[in-house]
Each structure stands twice: as structure tokens, then as C-alpha cells.
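One chain, chain A, appears in both complexes that follow, with chain B as partner in the first and chain C in the second.
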Partner chain A sequence: MASARLKGIGSLLARQGILIAFALFLLGFAAFSDSFSDADNLMQVVRQSAIIGVIAIGVTVVVISGNLDLSVGSMLSFATVMVVDLHDKIGPVPAIAVMLVAVLVLGCINGFLVGVLKLNSLIVTLGMLSAIQGLTLIYSGGQNVDIADQEATWFSLIGRGSFLGIALPIWIFGTLAIFMHVVMSTTAFGRRVYAVGGNPTASVFSGIRRTHVVFAAYMISALCVGIAALILGSRVGGSQNNVGQGYELQVLAGVILGGTSLLGGSGTILKTVIGVLILGFIQNGLLLLGFAYYVQWLVTWVVIILAVWLDIAAKRGRLLSPIA
Partner chain B sequence: MTEHSETPALRLEGIVKTFPGVRALDGVDLEVRAGEVHALLGENGAGKSTLMKVLAGMHQPNEGRIILEGREVRMANPMDAKAQGVVLIHQELSLCDGLSVAENVYLGELPHTKWGFVDWSTLHARTDEILKKLNCNFDARTRVSDLSIARQQMVEIARALTVDAKVVVFDEPTASLTDAEKVVLFDVIKDLRARGVGIVYISHRMDEIFSLSDRLSVLRDGSYRGTKVTAETDEDEVTRMMIGRSLTHEKNTDTVEPGAVALEVRGLSCGKLFRDVSFEVRRGEVVGFYGLVGAGRTEIAETLFGLRTPTAGTILLDGEEVRISGPLDAISRGISLVPESRKEQGLVLGMSCRDNMTLPQIGDLTTGPFVSNGAEIAIYDQYRDRLDIRSPSWRQAVGNLSGGNQQKIVIGKWLAMKPQVLIVDEPTRGIDVGAKGEIHKLIRTLASQGYAVIVISSEMPEVLHVSDRVIAMYSGEVIRSFGVGEVTEDSLVQAISGIRPDRAA
Partner chain C sequence: MATLKQNAALRWLTENPIWGFVVLIFVFFSLSNEFFFDMNNFQNILVQTSTIGLIALGMTLVMINGNIDLSVGAVVALAASLMVDIQSWDAFSGWGNWQMLPALIAALGVGTALGALNGIIVWKTGVDAFIVTLGAMLGVRGLVFVYTKEQSFFAMNFTFSDLGMSTVGPVPSLAVLFLIATVLVHILLSRTVHGRNTYAVGGNREAAVNAGIRVGPHMVVNFMIVGFMAALAGVTLSSQMGAATPNLGRDYELWVITAVVLGGTKLTGGAGSIIGTFGGVLAIGILRNGMNLMQVPAFYVLVILGSILIAVLILDKQLTRKGVEALKT
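Here is the complex of A and B:
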């Protein structure tokens, strides 16, 4: 029991280690950049993190179920192109409806391949990443799309408007985060997702339909991508074919940084929100300090690798693996 | 017995091996002469496999000496042990399926040219030479995946012969062999013996031991119980050494008047796993299933729980024929299964005690869309008290509990479902003696409260202790069914070795 407690303290320290490092980053940014600690800037970072954050909420559910979803980046491209393109053709409401149905179909495919056929989720969603990118180009014929009269449509408000002085994307992100956090922590469905991710065999032996749970997780992930596409399409008022490229890694970075284990069965939506915000602030701070934007790629991944290492080191009580 | 020199091929003296919380080996001695087949017997968990792992360098002993041909040695790891002439042939085959026989035989020590390329001609020539010694009718280039299990076992044995083997250990070598294949294996063993190799032969099967071995040694509960010359002893004496005399006193003596038949199975079959199995379980009755690993007991349980689809036969619950489509269906029909492996099948180790316990019924514990915290804690508290589960709090991750408490969580999880039929597979595997006793008592209590209970166990004392009736299985078939009054250790051992009562008498 004592060793379990020690382990708990160790992992707490590792967790705090990330937060302490994060605090140091923030202090550093605040000290060296006049505009970083500005309220407007802080708000802007949160707003910019909203798209990644919304997707990360869905991906967190998939990761807790013990799987990965790398297809979200190209799914975002597809959804954004589609909703923007259809906006002028059939009007905003039908466009949104058609787009949401389309991403749910993609989610079904992921869910079927991973949940029902029990294929490896890394391979399936990596394949889907590339397949959906192809699908997007087929759909658009390689043309970028945009909304002709952006001032005239309420659709533009989703990404640009604000309510009570807070940008709508932040409202969407916040509401969705709270809703999914409650679903995951207080409903039977949430409990089953944790069980399936923690031990799929024991879940089946407990009468849980693993197939249904994994399927549902991918549907949730796809739906979140659809919501993110609304924000992105509305904000830009147009879309390039590859607008979501690289988002899957940013999203995964936020999830990992928040402390959700890629092995499944642990983590929370709230942690992911924190992880995504940490990522956003680090990247913003680096930009304000005048580093080229590609420097953030490097720093981001150094931070993530460090976080993962610290987490594992705390769990095994030493920095290096005992087995060579 | 063939000629042997004065110095034994192998002596183990006072071997002690402890694992956290368990003294697996407690001062074990063993002497194996060159040119003898020395059988090692003991119940499951008696320490045979641990002893052999110590010998083969997979575990380091805490105390004791290993003396090989009169010289004290230390086995750093399995490769080291092999280099010194001690080879262990595992119960489970450990071959690389995709490689050739020759590559497997010389794995890790492939002969190579001075440029670093594999010297195929030498490799194949050497391997073929070994295969010839073993009278194998396949050649070095054959892919292992194309061979039958028996022939794969020959490849394992061939591996042992790449060095100048002094001691070869066979751990349950016949578990997956047909009778014809066994004959070939026994010839090989006799051939090795004739060449002066000391052979340790681990098996549960008395007939094999008495036809093959020169001497035998018995382990019980991790301690050494003595060595006999095989020709001077008999099955009775060996069984007594294995089980201990206290056994007869430990038979279940409760006489509960059983109620109506809760579960009846008629002619149930599932492919090659088990055939034509029929039995019934009444309320208030504990039926024990006893047999060797692989006899099909767990598979029957999994079929009743909807994890496997039977190929023939019927299942009746309370006299009504049912089709069980999956675990969820089985649960809703009042069947609960405490599975064989609590860590792999029973528990989500990272989850809290409470969450594990309420997992199968989580969907019914809701108020509106939310799981009711109070209802969950009430269930946990009830079964924590009833089963005396020791955990600092319901929030504790199950993985941090002792084996006995973990097992009680699994049992609690299924009792909380208020089942009609409770199936318990290996209820006390890997837990200490004290917790064992508590779980046995619990099983008896459950029966007296009117549950129909099936207990599957590989430990004879356990089966005899908790059961009202014992069903003995061998290789997928029910050999015999005993009332607790008529069962004896001898008849049970015979039945699970495939000897039917008509033949035994």
C-alpha cells in the first residue's frame, strides 16, 4: 500500500512537472513579450485553440476506448470544403445537415473497420487519412471553395461572432467540453468506454458490447470534426482542399499533453482541454517572441516527448527502463 | 535402469525461491542420475515449474545450490544453462513458425562464414544429423509451420541436442500429442537415456510415469516430499505423497437438500473442444468440474456464458430450452461467470474497486441519464462487508489489491447480479492459503442460500472440499460423475487420466 501511495505521489509530481514547466513558459513569455499577458491576446489564444480543442474532445473518447483516430485532419478538410461549397448552392442549413451526415458516414466506416472487424486502429485511420484527402480532392476537383457574400449570411457568425463579449467558438468549445466531460464521467456509456479501453477482454466478460462502444466512439469523433468544420469554414469563409492537414498531430499532441494514456482506459476530457490550451499558449508565446512559426513544431514535440517520458518514468519509478 | 556413474548428473540442494508474498519453493532437493528418467510429480502449484525455471536460469534461487556433475554452478540465464548442458523443453512450444527447422534448431547460434553470411550447408548438414538421431522423417529445410504439433516438439528436442546435453527437462510433453505420437516421443526419451543423459520428466499422467520413469520425486506446496524407485511404489502411494493424508478429512460434509434443477445440459458439444456433455445442477448444490488443463471445462463454462456457440446439444434453464446469444444474454438469463483469469478476463485493473464491481449492471443503476453514485456505493458496501474485502476505499484501483481481494471483487461483481446459476472457474488460483479457505467457505454459503453453483478447478482438494458432486473430464469428455460420498482420490485421478470406471474395475 505504501508503495502504491509513493507511486501516486510520483505520478502527481510528474503531472505537476508539466504544469510547472508550463507556468515557467508563461512567466517567460509574459516577461519578454509585452502583449502576451494582454487579456485580448489570451482570449485570442483560447479562440484559436477552439477548433483543435473540439476535435480533441472526440479523439479523447476514441483514445480512452483504446484506439487512435488519425483521420480527423483530412476529415476536417473534407467537411470544411463540403459545407463551404454547399453553402451557396443549397443554403446554410441543408449544407450543414449534408456535411454532418457525410462525416458521420466516415465515422461509421472507421467504427466498422476498427469496432466490428477489429482491425488495428492505427492502420485503419492512417489509411482513412489518405483516403479522405483523396475524396476531398475528387469532390472539389482540386478547386478551392469560398462563400461569395460572407457579410450576408448568418453562417459567418459561427466562427466570427461573439456572445457576452466571448467569441462563439469559445462558447462552442466550452459547452461541448463540459457536455462530453459529464457524459464520460457520469453516464453508463462513459463507464463502458473506460472499461473497454482499460481491458477489452474483461469488458466482454462483463457483458459489455465492445463493438458498439468502439463504434460509438468513432461516431462521436466524427461528429466533433463536423462541428470544428463549422467553426473553421465560417471563420475563413472559404476553404482550401488541405486545410486540415497536420491537425491530427496537433490534436493528438493536446490529448497526450493532457495526460490521457494512448494505451486506453484513462484520461478525461478536462485534461485534454488543459493540454490543448497549454499547446496553444506555448505556440502563441513563441510567435510573439519573434520565433519563426516552424520553431513551434520543434518546441511542441520536445515538450510532448518530455511529458510522455516524465509520465512513464514516474510510473516505473526510474528514468530508464529496467529492461534493456 | 541403465548404468550410471557415481556422481549424479544433477543435484539440487535446498533450493528456496520466494516471490512477493509466496514461498514458492521451500528447501527442495532433487538428484538426477546420468542415464535415468526421473519423474517429477506434484499438484498444480506445487512448485514443479518454478523448480525447473530455477534450474534453467529463468529464476535465480534465493538459497540453495545447483550441482552439475559434481561442480557447483550458477545459471545466469537460459542460454547460460543450455551452454552448461541443461535444457528445458517447454510445455508450450516456443518456435518461430515462419523459419525453417534448421534455423529454429540453431536459433541464436547460426553457423556463419567469415563474411557474416549464414553458412547454410553447414547449418543444414548439422541439423539433418540431429534429426536423424531422433528418427525424424522431415528435413532441415522444412518450415516449422508446416509441421504437426508432435513434429514441432521434435524440433524443440532437436534444439536440446545442439549442445552436449547433460540434463533434459520435459515439462508435460504429451499434453497435446496423440497416442501414436507419444510412442515416438517415448522412444526418443529412452534413446537419450541410453546415451547417458539425465532426464527430468514432469507429468500428471500416472500411466506414463510408471511406464517410463526409473525414479520419481514428489513436490507438495513448494516442499520436497521424497523420492521413490518407480518399480518399488504404486499409484496409491504416489497419490498420497502428492495430496497428503489430510485430504480425506477435507471432503465436503455439508448435506444440503438440493432443490429444483436450475441448469440442465444435454449432449452439448463445441467442435473439438468438448463432446456430448450432459449434466444438471440443482439449486443449493455445488457441482465441481475436475480435470487436467485442456480437458474442456473452461470451454463449457464459456459456452454457457454465451462466449462460444455450441455445435450440438441443448441448454435448459429452469426446464426451459434456451439459446444463449452472448454474455449480455447470459447475464440477463441469470448466469454469471467468474472467469479463469481474473487479471485478463475478470477485472479492469486501472479502474476503482466500486466501478469494477458494478460494471455488468451499470446500465441499470441510472437515475435519468446519470449513473447513480449512491446506488453504486450501496452495492459496493454491501458486498465489501459480505465478502470481507479489504481495501482502503472504493476509489482504490483494483490493480493495487492483493490477489485474494481482487478475486473477491470479481465474485462480488457477479453475486451483485443475483444470478440463478453461478459458474466459478479456478476460484483460488494464485491466491494465498488463508484467502483460499475464505473463498471455499463462501462458495458453500452461497449454495446453502439456494444458488446453483458450478466450480471448475484443477486442484483436487479444492474440488473435494466444496463440491456436492464431482464431474471428471478428460480430453473434452465427461468420464464419470461422482457423488461426494463415493468419490476417492484414486478414482478421481484415474478418471481425469481417461480411465473409465468399467476399465478401472
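Here is the complex of A and C:
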């Protein structure tokens, strides 16, 4: 009986491990830091996580379909530089339109190479990472860009404004997360993405067009990057050429922490949101406790491996891997 | 007989398409730029690529195993910081030039130990190497900042920076080091039991286990080799600069993986060679150097490299498909 109960606790830990970890971190930080549990501070963490969070929503769809997208970081640089640069040249609305079309074209290329040509997604998006980084530098000529009159344009509101006392980035992040969660969990498209990621062969035999699904996943990922670029560009009012460098890995860390398997076929958008928020709260909590900002990387190291390890251990029913 | 020989050469080239590309860009740059075809420039290319190249040698083993190591860039920074900092410790001030020895041991030792840590975690937990080393990539970078407190270190002993510039006969020492390492790892991979096991584990892990290979410890050894190589690259890089900064080695993992994949190593494991990796490293080196000489802005190199990486993937897919069809008939 005791062992059955232990097993029950174990599987509960495994299934809801990410939520439990989330709660523990929140309680821990709240206990040791006075300002952490302050409502303003909590909101600020969510706002700061919005950019990574929005990208992570798109990347989650790609990862569930059984692929990776490492190009989101340089795509974010590209989109941000483009929208900020074009803002003063052709006005905000055309700038946003052109930028979104441009990132969707990049998403198309990813989708074509991985979906249609069936190439390895890790390498394709690695190549795209470097190519888009180059494109960004060619586009800007190596110069940083900024919006001259940031007070006068409504574009600044996207990243800085608020509605009903909640910052607009949080609204965008929240709405997008709920929308994509509903899409992934209730629509036929969502089911197809899980099917393609879970068992590509079986999904093809049951009449799902893998090509279309993977293509769509990369388009969604690109669109999310475009939205994140709006928030980032508007918030900063300018952009450096390498502003998105390293984002792909932070995004991936959030997705993995949320319990989405890199093998595809499992994971949910809301868990990714929690994964991203955990990273945000770890960062914020450690800073408030007086640690240097780089200590969060050490904690992230341990947290990521522990999270995935416990998940796998629960699935195979034993802690250590059976490899000799 | 002639056709047989031709066939052998052709087959070798289809197995290592990157060398065709290396010859192509070599001829192209030799014809289009007067400064390219020059012994000094060739030595330059070897020295410039030695950092990426050393890591790529170790990465090839890990990738043939079916694993990957994303933490190498951070290990480069940590090893470089240790190397430059420890040699200036007061404890070793009376040692003369021998003060570099404990620093070297510490740098290489820490790199190897971090590799072992990655390997043991992959072995014992069964978590995918991509995730384990992604975590380590962030974490080791954190260690670098904790150790350096965001400071750069400068080597006070100029013998150390002279080592980076020194030559063995007419050839730069770093180029010699890289070539020796290439030959050694090539022998390890193609002539030893460990090398054979590397292919076996990557090709079919179940079969390797059944054949009595201790897969776990085997993978740990390969992770230690790549950790050692990354640390060695950190040491040579810091001796070239006479300094170490905490942001050293950023994006190196991407360059290294690009070089290894260009060389024909499969991400799924089981296939690849040091000859291919050497070609991949040279391709990147020649492209960067040649385009630099032709005064093409560095931005374009990024676009071209990315495109080549994807093109190689497409080509490889076509060749594999042809190979499968050839087997059928």
C-alpha cells in the first residue's frame, strides 16, 4: 500500500511538477524578500517576460510538431530593426505591415525547408540563424536604429502603454497565450500538430498532411516573433542589430521547463507560459535577494536539468537511466 | 584500371563533398585575389581556424555518438579566464615562466571535468544531451561571470602572448598544434577500439549495448574529450590575445556545429569523419579569409555560411536518396 501511495505521489509530482516548482519558487522568494510579493513587482516580472513569452508560444507549436526553431533570436533582431527603421520612413502602420510580411517570408523559408524538403530542423534553423543575422546587418549597414520622436507616435504605446491598469505587453502576451492554447487544445489543427509530432508516420497514414502542418507551425512561430518585435521595438524606441541574440536559447529553456518534450507530440501552451514565468521569477527573485544577475544562469542550469530529469524518471518509473 | 581509380576518387568525393567545395573556393579565391595564394596567408587561415577547429574535432566524436555539446563556447571562456588569471597569482610569482603550468593544468582540468559532468548527467539521467548541454551553456557562462566578477584579465607575462605568436620552424605553433590534434583524433576515431565503438554507439545504441559496449562510460569519455578540446581552444585563444574576457566564445557552438555538419557528420549519429570535419573547418576558414581579403563586409559571410549549411543539407539528402536507390538496383 505504501509503495502504491508513493507511486501516486510520484506521478502527481511528475504530472504537475512544473506547477509545484512554480509554487515553491514563489513561496521561497516571497518568504525571503519583502518586495518580491509586491503586486507591482509581480506585474513587472510578467511584463518583462512578455517578449520571451510571446516567442515561446510560437516555438512551442513548432516543438510540439517535432521540430526546433533556433532562428527566432536573429529573426527578432531582424524584425525589430526593420520596424523601428521603417517607422520614421513610411509611418507606423505600413512599417508594421512590411515587417510582418518580411518575418512571414522568413517563416515560409523555414517551413519550406523543414516541412516540404524534410530537412533536419536543428541545422536548417541554425543556418537561418546565421543568415538572418547577416541580413539584419546588411539591412541596417551595421548602424543602430531608433525612432526620432518617441513621445509623438502611438507606436510607443504597444510596449509602454497600459489598459485597465495592466501593461499592454501583458495583454498581448495573455491574449495570445489563451488564443493559442484554445487553438492547440480544441481545434482540428491543434490535434494534427500533436499527431504529426507524436508519430509522423501514423499521422501521414491517417491522412494528415505533415507538410502543411509543419509549414503552418513555422508561420505561427514567425508571426509570434513579429509580435514580440513590436513590443520590443516600441518599448525601447530603437534597436541594436544583435538585440535578439541568445533569445532562442532562453525561449527554448522556457519551453523545456514547461515540460514540452523536444521529441514532439506533447506539451501545452499554458505550461510553456508557466515555464517562461518561472525563469522570469527566478531572475527577479535572485536580483531582489541581492545576487548578481548572472547567478540566475547557474540556477537555470540546475532547474532545467532537474525538471526534465524528473519528468523522464516518472515516465520510465525509475530515477536513473537504464543505460549500461 | 584508370576508371577504377577515377571511380574511387569520385566515391571519395561523394562521401566528402565538402572537399570539393574547399577546392572550388580555394581556386576561386586564388584566381580572384592576388593576396590569397600566399604561404603566409595559408598559415593565417590555419591559425584563425585553429580555435574553432580544435573544438570541432571533439564535437565530431560527440556528434557521431548521437549527442551534441552546446556548452563549448562557455567552456572556452572559462578556460581562458583561468589560464590568464591563475598564472598571475602571487603563489606562483617565484616560478618564472613555469607559473603558466598550474594555470594550464587548471584550465584543461576544469574543461575536462565539465565535459565529464555533462557526460555523467546524460548517462545517468537519460536526459537528451541537447537539453543537458543547453543548461550547461547557460550555467557555465554563469560560472565564468562568478569567477571573473565581470572583469577581463590581461596576461602580465608576455611570454604567454608570445607563445600564441611563436613558430615552429616556419610554421606558426598554433597551426602545428591544430594539425597534430587533427591527426591524433583521426587515428583515435579510425584506428582504435574507442573509435569503432563511437560509430557503433551512434549507429545503433541497442545493438552496441548488446555487443557489450559500456555505452554510458563511453559517452562520458567523448564528452571529456570535447571539454578538453574546448579548454585547449580557450588557452590558445587567450594566448593569441594575451587576455581573456568573460564574453569570449559566444556563438562558438554554432560555428563549431556548422563546421562539423558541413564535414558530413550526421546529427542522428553513426556517421562522420575527422577528414570531413577538417574540410568543414577549412571551408569556413577559407571563406572568411578570402571574403575578408576581397573586402566583402563580414555580414555577407554570415548569409553565405547559413546558405551553404542548408545547401549541404539538401545535397546530402539527394546523395543519400541516390545511395539508397543504388542499393535497391
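We take it that the second predicted complex is superposed on the first by the 305 of 324 C-alpha atoms of A that agree within 3 Å, B and C clash if a C-alpha of one lies under 4 Å from a C-alpha of the other, contacts with A are read in each partner's own complex, and residues count from 1 in each chain.
Following the convention adopted for this analysis, a contact is a pair of C-beta atoms (placed from the backbone, for glycine too) under 8 Å apart; a residue touches a chain by one contact, two chains touch by 3 or more.
A quick note: this is a predicted structure, and the numbers were derived from the prediction, not measured.
Per the definitions stated earlier, placing chain B and chain C onto a shared chain A by superposition produces no clash, and the two fit side by side. Applying the stated contact rule after C-alpha superposition, one finds that A:Gly161 touches neither chain B nor chain C.
Chain A is touched at more residues by one of its partners, and among chain B and chain C that partner is C.
Contacts of A:Leu137 after superposition: chain C is touched, whereas chain B is not reached.
Applying the stated contact rule after C-alpha superposition, one finds that A:Asn199 touches chain B and leaves chain C untouched.
By the document's definition of touching, of the two partners only chain B reaches A:Thr187; chain C does not.
Judged by the touch definition given at the top, the superposed model places A:Leu252 against chain C, while chain B stays out of reach. Rounded to the nearest 10, the superposed model shows the Cα centres of chain B and chain C diverging by 70 degrees about the centre of chain A. Superposed on chain A, the gap between chain B and chain C at their nearest CA atoms measures out to 5 angstrom in whole units.
Overlap of the chain B and chain C interfaces on chain A comprises no residues.
Taken together, the chain A residues at the contact with chain B in this complex read 1, 4, 186-188, 191-192, 194-195, 198-199, 201-209, 265-266. Those residues of chain A whose C-beta lies close enough to touch chain C in the complex are 113, 117-120, 122-124, 126-135, 137-138, 142, 245-246, 249, 252-253, 256, 262, 292, 294-298, 300-302, 304-305, 308-309, 312-313, 316, 320-324.
Contacts from chain B toward chain A in the complex involve residues 305, 307, 326-328, 330-331, 337, 339, 344-351, 355, 359-360, 362-363, 365-366, 369-371, 392, 400, 413. Residues of chain C touching chain A in their complex: 121, 123-128, 130-132, 134-143, 145-146, 150, 205, 209, 214-216, 250-251, 254, 257-258, 261, 267, 297-310, 313-314, 317.
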